[in-house]
Structure formats: C-alpha cells, structure tokens
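Shared between the two complexes below is chain A, which has chain B as its partner in the first and chain C in the second.
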Partner chain A sequence: MELIWDSLPRLFDGALLTIQITAISVAIGLLAAVPLALLRLSHNPFVRLPVYAYIFYFRGTPFIVQLFLIYYGSGQFRDTLEAVGLWIFFREAYFCAVLALTLNTAAYTAEIFRGAIQGVPFGEIEAARACGMSRGLLYRRIILPKALRLALPAYSNEVVFLLQTTSIVSIIALLDLTGVARVIIARSFEPYKLFLTAAIFYLVMTYGVLFVFKRVEFWLSGHLRDRPDDSLEAEADTAILR
Partner chain B sequence: MLRKIFAATLAALAITLVASAASAQMKKVRIGTEGAYPPFNYIDSDGKLQGFDVDIANALCVAAKFDCEFVVQDWDGIIPGLLAKKFDAIIASMSITEERKQKVDFTDRYYNTPAKFVTKAGANIEISKAGLKGKSVGVQRATIHENFLRDNFGDVIEIRSYATQDEANADLAAGRVDLVLADSVALDEGFLKTDTGKGFAFTGPGFSDPKWFGDGAGIAVRKGDDELREALNKAIKQIRDDGTYKKINDKYFEFDVYGG
Partner chain C sequence: MFDLKGYGWMLWDGVQLTLAVAVCAMVVALFLGLIGAWGKLSSVPVARLAAETYTTVIRGVPELILILIVYYGVPTLIQDVAETMGADIFVDFNSFIAGFLTIGFVYGAFATEVFRGAYQAVPRGQIEAAYAIGMSRMLMARRILLPQMWRFALPGLGNVWMVLIKATALISVIQLPELMRNADIAARAVRQPFTFFFAASLIYLAITIVSMTVQHRAEAWANRGVRRS
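Up next, the complex of A and B:
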C-alpha cells in the first residue's frame, strides 16, 4: 500500500503524458480524417486509391509495428533526414509516438466517417438537391452534420481505443502511465500492485472520455428527444400568477 | 486384427510408462532467460537460444543431472515470472544485488565483469556529475545499470530506459542518446564489435561497486528453494573444477570472465 502511495505522484506524471499524447493525436487525427474520408469517397481513382492504401496499411498492421518502423526505421535514415532538416523531430521519441498515433487514428477515423457519410439517408440528400442546394452547401448543411451524429458512437470507441493504444509507447522509452509503472516495477518487483493501480488510472481516463462523448451526443440529438411538455409548465406559471 | 491393435497399444503404453519413469528420476527444472543479451544469451537466426549463459546452464544441468527446459522471458518481467513459478531458476546474467535478494535467493556467482559507458569515439565526455550534465543516457530497464544511473547521476542526466540492451544500443547508434551504460563485455561483444557499433568506444572507468553491481552474476531461485540452490552451487563448483567452465569461457571470450 505504501508503495502505491509513494508511486502516485510519478504515476500522475505518467498519466499526464498519456492524456497529452492522446489529446494531440485525437485532435490532429480528427482534422485530417474528414478530408481523408471525402477523398476516400472520390470518384477519381488517382485520389481514392492512395488514400485507400494509406487507410488499409494503418488498419492492417499492428500499432507496435508502425511505431517501431517510424522510430527505429527513421534511425536508419538519419543522414537523409538530417539533410532535409527533419531529424530534429525524428530524434525525439515523443514526436515519433505522436506521429504514429496520429497516422493510426486518422486512418481509423476516416473509415468511420466514410461509413457515416455513406449512411446519410438518400432521401435527405434528394430533398436538399430539390431545394436547389449547391454541392458545397449540401455537404456543409446536410451531409456532414448528419454524418457527424451518425459517426459519434463509433468515434467515441476509437478515442477509447487510442487511449489504450498509447500504453505501447513505453517501448520507445517514453514515460507514459505504463512506462512509469514499468520503471517502478523494475525496482520493487511488484507488477500486480503497480499494474492494478495503472489500470484504475486508465479506467478513470476512459470514463472521462465516455462522459464527454455522452454530453456531446446529448447536445447533438436535441431534435430527437421529446419536447418537454410546456403546456403543463404554462399552467403552473399561470397558477403562480394567480 | 483387433487383438493386434490392442497389443500394439499396450506396447506403446508400456514404452511411454518406462520412458516417463526414466525421466522422472531426473528432476525437471525450468530455466528462465532473456534471449536478448548477446553474447550471454540471445536467439540466433535459426530461432535457437545461444550464448554463454545458455551453455553454462546446459553444463550445470548435466552436472546436476537435471532435465532442463528453457523459458524465454522479457527482462523486466523475469523476477515476477520466477515468483509466479513460470520457471524455477533464472540464468540470464543477473547480478547478485541486495535489492534483488529481498525477493529471490542467489547461488554463488558464475561470472563477474565491470560496467562501462560507451559513447562516440572521441566525444571526450568526462564521467562525472559535471561532465555528464544534460546528457541523455540509454540503459536497459530493471538492471543494476539503471539503478546505478538513477542513484548517482539521476539529477543531472536524462535517463532513457529500454526493454532490451539492443534497443538502447540502436538509439546510441542513431544519435538519440549520448551514452549507454551496461556490462562491458555485453557492450563489447554485442555492440562495439558489430557493424552498428563502428565509431563508438568505451569511456571512463569500469564500475563494480558492490552496492549497485553486487557480487557478479548468479542464478536466482525462489526464496527457500534451498535444495535447488545448493545443487546448482555444487554444479557450478563442479564445472569450474573439471574444465567445462573454461571450455565455455574460451568459446566466447579471450579473457577469464569469472573474475578474481
């Protein structure tokens, strides 16, 4: 118990790094995913196929392989990277981890959005066209807002998965939550206590993610809920006035 | 026909029984090792365990008449693995230290070599608090070397802990860390003498302060497993005396790793 208590500050630091790399990767990944999903749906094969290949690669290989390729792979091309001035980024484990996580989540998220865009009922698109909406307006007002709502449950899953996936970055010597736990285990030889504590940290963080998504979903689905019965409220109001 | 099958089955059963009776006389011992610490223990291109530790372990098993089986286990889970009875002994260049003695028992040492820093040849880094200030040092997680760094230089250097020594070496070669600290023999054979280790060299003195580096490498067994520990101690003495140790030593090293 004392061991866990003494380890808490360091585990908090680790959790902070976990949250940080998750947040950065999710934010950039989300920004990249929407255009990627649209390109993935393009009718032009020269646009569609490269995006398809990228998504297929990142969905089709384990994250640990992607991370090793980016981290130790870039080490092999140090001279080339130095020549173009990119080595200062690839030198840092932090950058490599965020890059790998971002590329990974962007691929998954693009697939989620692709599905959601295709899931928008055709009747709604037809109605918008009948109103004379241009293609841009149609995407902005009808397809993307609807797709966002459709994608949300699957996307919340993806964010939770990404949070768990970050635990792998400890293999490139980053001190995320799992990394810190491992360092402490190295001297205390108490894997159960430390990993159990780390597990609780992860559960709390996951709960936080789910909570945020629940609020966002609630906020976006106002039009689907029953209206509050305001006839009763009005009666009550008048009753007080009397 | 049916009788023939019956007879054959019976015969096969009898053979199995006799065979298992024979092996039952030999104590079954599972040995945990890492398989990623050349030249002491590593997995060769055919997927076979090789190295000084592995040869010593095999020699000890012959001497003690054990029926041995190897279990490969990542380094930072190797003591927990022993405690969880995934194997009965660790023969993986594990240094005998006070910290580890609180969790496991050790046999006598079977070799002892000092630890050293490696850096770029000609980098001219002085091994002192002032000289190392702001440098990043790669080290394998859960090793005596990591503990030594944290306790002596932890406040001035950036310590990067890797799962295996090979990964730490790869990052030294890539220029992500300025130095690595590890066993001098492991660094020499596993890094400096390889292609990736070109242009790198030892720097500073050899470290062997027993407070961190213990009394050399021994075999870890679960606390209270005295029967196994004593049998292994006897076996170590036997292979030292009958020349088996020297033969294995000379296969890997040009000097005596047993230490004085």
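Up next, the complex of A and C:
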C-alpha cells in the first residue's frame, strides 16, 4: 500500500502526459478529419482514392506497427531526413508518438464523419438548395452542423479508444501512465499492484471523457428533447465497436 | 518487391502464430460474449451486476495494461498469496496462453454487446409464439433464437474479429514470437526497420482484406432467406 501511495505523484505525472498526447492528437486529428472526409466523398477518383488508401491503411493495421514504422522505420532514412532537417523531429519519441496517434485517429475520425455526412437527410440538402444556398453555405449551415451531431456518439468512442491506445507509446520509452508504472515495477517488482492502480487511473479518465461527451450531446440536442426519440442512444450502444 | 534478406520465413512463422492466437482468442471471446449477454439479460441481479462490471471495466482499461497484468501480475499475485500461506512456489505463464486468454477476455466484452443487441433484435412475437406452441426453453433457443441471432450478430462479430486480429500485435510485448515480434527481431538483425515493419503492416492489411471478404460472403449467406427490396 505504501508503495502505491509513494508512487502516486509519479503516476499523476504519467497521467498528465497521457492526457496531453491524447489532447494534442485528438485536436489535430479532428481538424484533419473534416477535410479528409470531404475529400473521401469527392467525385474525382484522383482525390478520393489516395485518401481512401490512407484511411484504409491506418484502419487496417495495428497501431503498434504504425508507431514502430514511424519511430524505428524513420531510422532507415536517417541520412535523407537529416539532409532535409527533419531528423531532429523523428529522433524524438514524443514527436513520433504524437504523429502516429494523430495519423491513426484522423483516419478513424474521417471515416466516422464520412458516414455522418452521408447520413444527413437528403430532404434537408434539397431544401437548402431550393432556398438558393451556395455549396459553401450549404456545407457550413446545413451539412456539417448536422453531421457533427450525428457523428458525436461514434466520435466519443473514438476518443476513448485513442486514450487507451496511448498506453502503447510506453513501448518506445515514453513516460506516460503505463510507462511510469512499468518503470516503477522494474525497480520494485510489484507488478499487479501498480498495473491495477494504473488501470484505475485509466478507468477514471475513460469515464471522465465519456461524461464530458454525454454533456456535450445533451447540450447539442436541446431541440430534440421533448420528442420521444432514442435513436441517438441506440447509436451510442452499437457504436461501442469501431 | 521487398528484399527481406532471407528473413521472410520469420514473418511467415509469425503469421501462423498470429492467426493461431487470434482464433483461440476469438473462441474465448465468443464463449464469454454469450455468457456475458446471458448475464446482462438475466433476471438475476448478481448476474446482471457481474456482466455490467465486466463490460464497464474492460471498456475503461487499455488492452496493453490488461496483458501486462495477466502476464506479469497474476503469477506474482499467486506467488504472494502462496507465500502468505507458507508455500514457496514459482509460477510462470506461457505467453501464448496468457496472450490469447487476455485478448479473448477483452473482446468477450465487445462480443457481449453484440450478442445482447442481436438477442434484442429478434422479434418478441416469435419467441412468444414458440412458447405458445409448447416449445421448451432449450428448443426455443435452438430453433428460433440462435438461428436468427447469428444473422443479427454477424456484422458485429466480424468487426470484433478484425479489431481482435490487430490487437494480437500487442502480445509481442510479452515476447510471443508472433508476426509483430518476429518483424521486430528481423528488423534489428538486418537493421532495416522500415522494410520489415512495412512488410508486417501489409500482412495485417491482407488479413483484414481477406476477413472483410469472408464477412461479406457470410453475411450474404446468413441473409439468404431475407427478401431484399
């Protein structure tokens, strides 16, 4: 018990790094995902296919392979990367971890948004066109706001999955929550106590994220409140799977 | 396309082990999923609570942590408990067994949700009708419930399988020589990490594509009795 108590400050530091890399990747991934989803729906195959290939690759391979490919794999091109001045980034585990996480979550999020954009009722789009909205206005006022709301249950799951995926960066010696636990275990030989403590940390963070998303969903669905409509909840239940 | 410097056989060995672990884990996941769904839908409060706790905890804890707990934590826990009882034993887990049990345990929670949804998708009236014509519970489950549940569960289970096969790459951290681990060893030996990890990623991608095709076929087969508009 004493060991866990003494380790708490360091575990908190680790949790902070976990939250930090999750937040950075989620933010950049989200910004990248919206344009990616739109490009994925483009009618031009030269635009659509590369984006589709990127999404397919990052959804179809394990995150640990993507991380190793970027962190260890970049070493194979060290000379080239040094020549263009990018090596100072790729030699940092932190940079590689955030890059891999961002590319991973952007792919999953883009696919969620694609589904959501296609889920916008066609009548609404037709009505907006009938009102004389331009393409830009149509996307800004009708399609994207509606799609973001439709995507929210699935997106909250994606954020939870990303939070848990960050534990893998401990393998490239980053001191996130899992990394800190492993370092302490290497010295104290008390694996189950520390891993269980770390597990509780993750549990709290996961349900914290889910709580925040529940609030946001509630806040965004004010106009639907009085209607007996539980389709959003049903979607959240099935969306537990990617 | 790839010059694997004679280490291609290592990747091949790895693929076989990856598939073996994944199949064993999937069997565990299906088994736990059925039990979990039964628990969640049970009228016994203890069973409901246990099933609810199971899915809640699994959803909130990363797979890597669970793998590490099972592989490093559980043997130490057993030793500590044995020590307090005066026995001095040494427990060591086989990484294959620890790996597929943990992955199966994790994805059993996801399968639970799939089976629960599938059960609820079977129209109530049919179950009532089965009882009305005098079927026993077992007969009803065998003739009415399960054949239809599989159809509703298939898309979700295919999804579980595809996430599960990717999760097996994590077992490489407990030194099981599956695809990821062998790619790592080969990459270090030849000093060409990009080549080997990229080759490994393409193999995972190929497994995903094959799984998708099989899933598509299986769904078409399961839905053969359903009229399409």
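By our rule, the second predicted complex is superposed on the first by the 226 of 242 C-alpha atoms of A that agree within 3 Å, B and C clash if a C-alpha of one lies under 4 Å from a C-alpha of the other, contacts with A are read in each partner's own complex, and residues count from 1 in each chain.
Note that a residue touches a chain if its C-beta (ideal position, glycine included) is under 8 Å from a C-beta of that chain, and two chains touch if they have at least 3 such contacts.
Given the structure is predicted, the values throughout are model-derived calculations rather than measurements.
Enquirer: Does chain B (first) or chain C (second) touch A:Val65, or do both, or does neither?
Expert: It touches chain C, and chain B stays clear.
Enquirer: Who does A:Tyr207 touch here: chain B (first), chain C (second), both, or neither?
Expert: In the superposed model, A:Tyr207 contacts chain C only, not chain B.
Enquirer: A:Tyr57 in the overlay: touching chain B, chain C, both, or neither? Say first, second, both or neither.
Expert: After superposition on chain A, A:Tyr57 lies in contact with chain C alone.
Enquirer: Considering only touches as defined above, state whether A:Ala173 meets chain B (first), chain C (second), both or neither.
Expert: It touches chain B, and chain C stays clear.
Enquirer: Once the structures are superposed on A, label A:Ile185 by its partner contacts, choosing first (chain B), second (chain C), both or neither.
Expert: Both partners.
Enquirer: Regarding the shared-chain residue A:Ala199, is it in contact with chain B (first), chain C (second), both, or neither?
Expert: In the superposed model, A:Ala199 contacts chain C only, not chain B.
Enquirer: Between chain B and chain C, point out the one touching more chain A residues.
Expert: The larger set of chain A residues in touch belongs to C.
Enquirer: Given the touch rule stated above, what does A:Arg78 touch, chain B (first), chain C (second), both, or neither?
Expert: So A:Arg78 only meets chain B here.
Enquirer: On the A-aligned overlay, A:Val160 touches which partner chain: chain B = first, chain C = second, or both, or neither?
Expert: After superposition on chain A, A:Val160 lies in contact with chain C alone.
Enquirer: Between chain B (first) and chain C (second), which, if any, makes contact with A:Arg91: first, second, both or neither?
Expert: first
Enquirer: Can you pull the chain A residues that chain B and chain C both touch?
Expert: 72, 74-76, 171, 182, 185, 189, 191
Enquirer: Flag every residue of chain A that touches chain C in the complex, lowest number first.
Expert: Touch list, chain A to chain C: 56-57, 60-66, 68-69, 72-77, 160, 164-168, 170-171, 178, 181-182, 185, 189-192, 195-196, 198-199, 202-203, 206-207, 237-238, 240-242.
Enquirer: What part of chain C is in contact with chain A in the complex they form?
Expert: Against chain A, the touching part of chain C is residues 57, 59-66, 68-69, 72-74, 76-77, 110, 113-114, 117, 156, 159-160, 163, 166-170, 172-173, 180, 183-184, 187, 191-195, 197-198, 200-201, 204-205, 208-209.
Enquirer: Where on chain B is chain A touching in the complex?
Expert: Answer in residue numbers: 76-77, 79-80, 83, 99-100, 103, 138, 141-143, 146-147, 160-163, 167, 170-171, 173-176.
Enquirer: Within their complex, state which residues of chain A touch chain B.
Expert: The touching residues are 72, 74-76, 78, 91, 93, 171, 173, 179, 182-183, 185-187, 189, 191.
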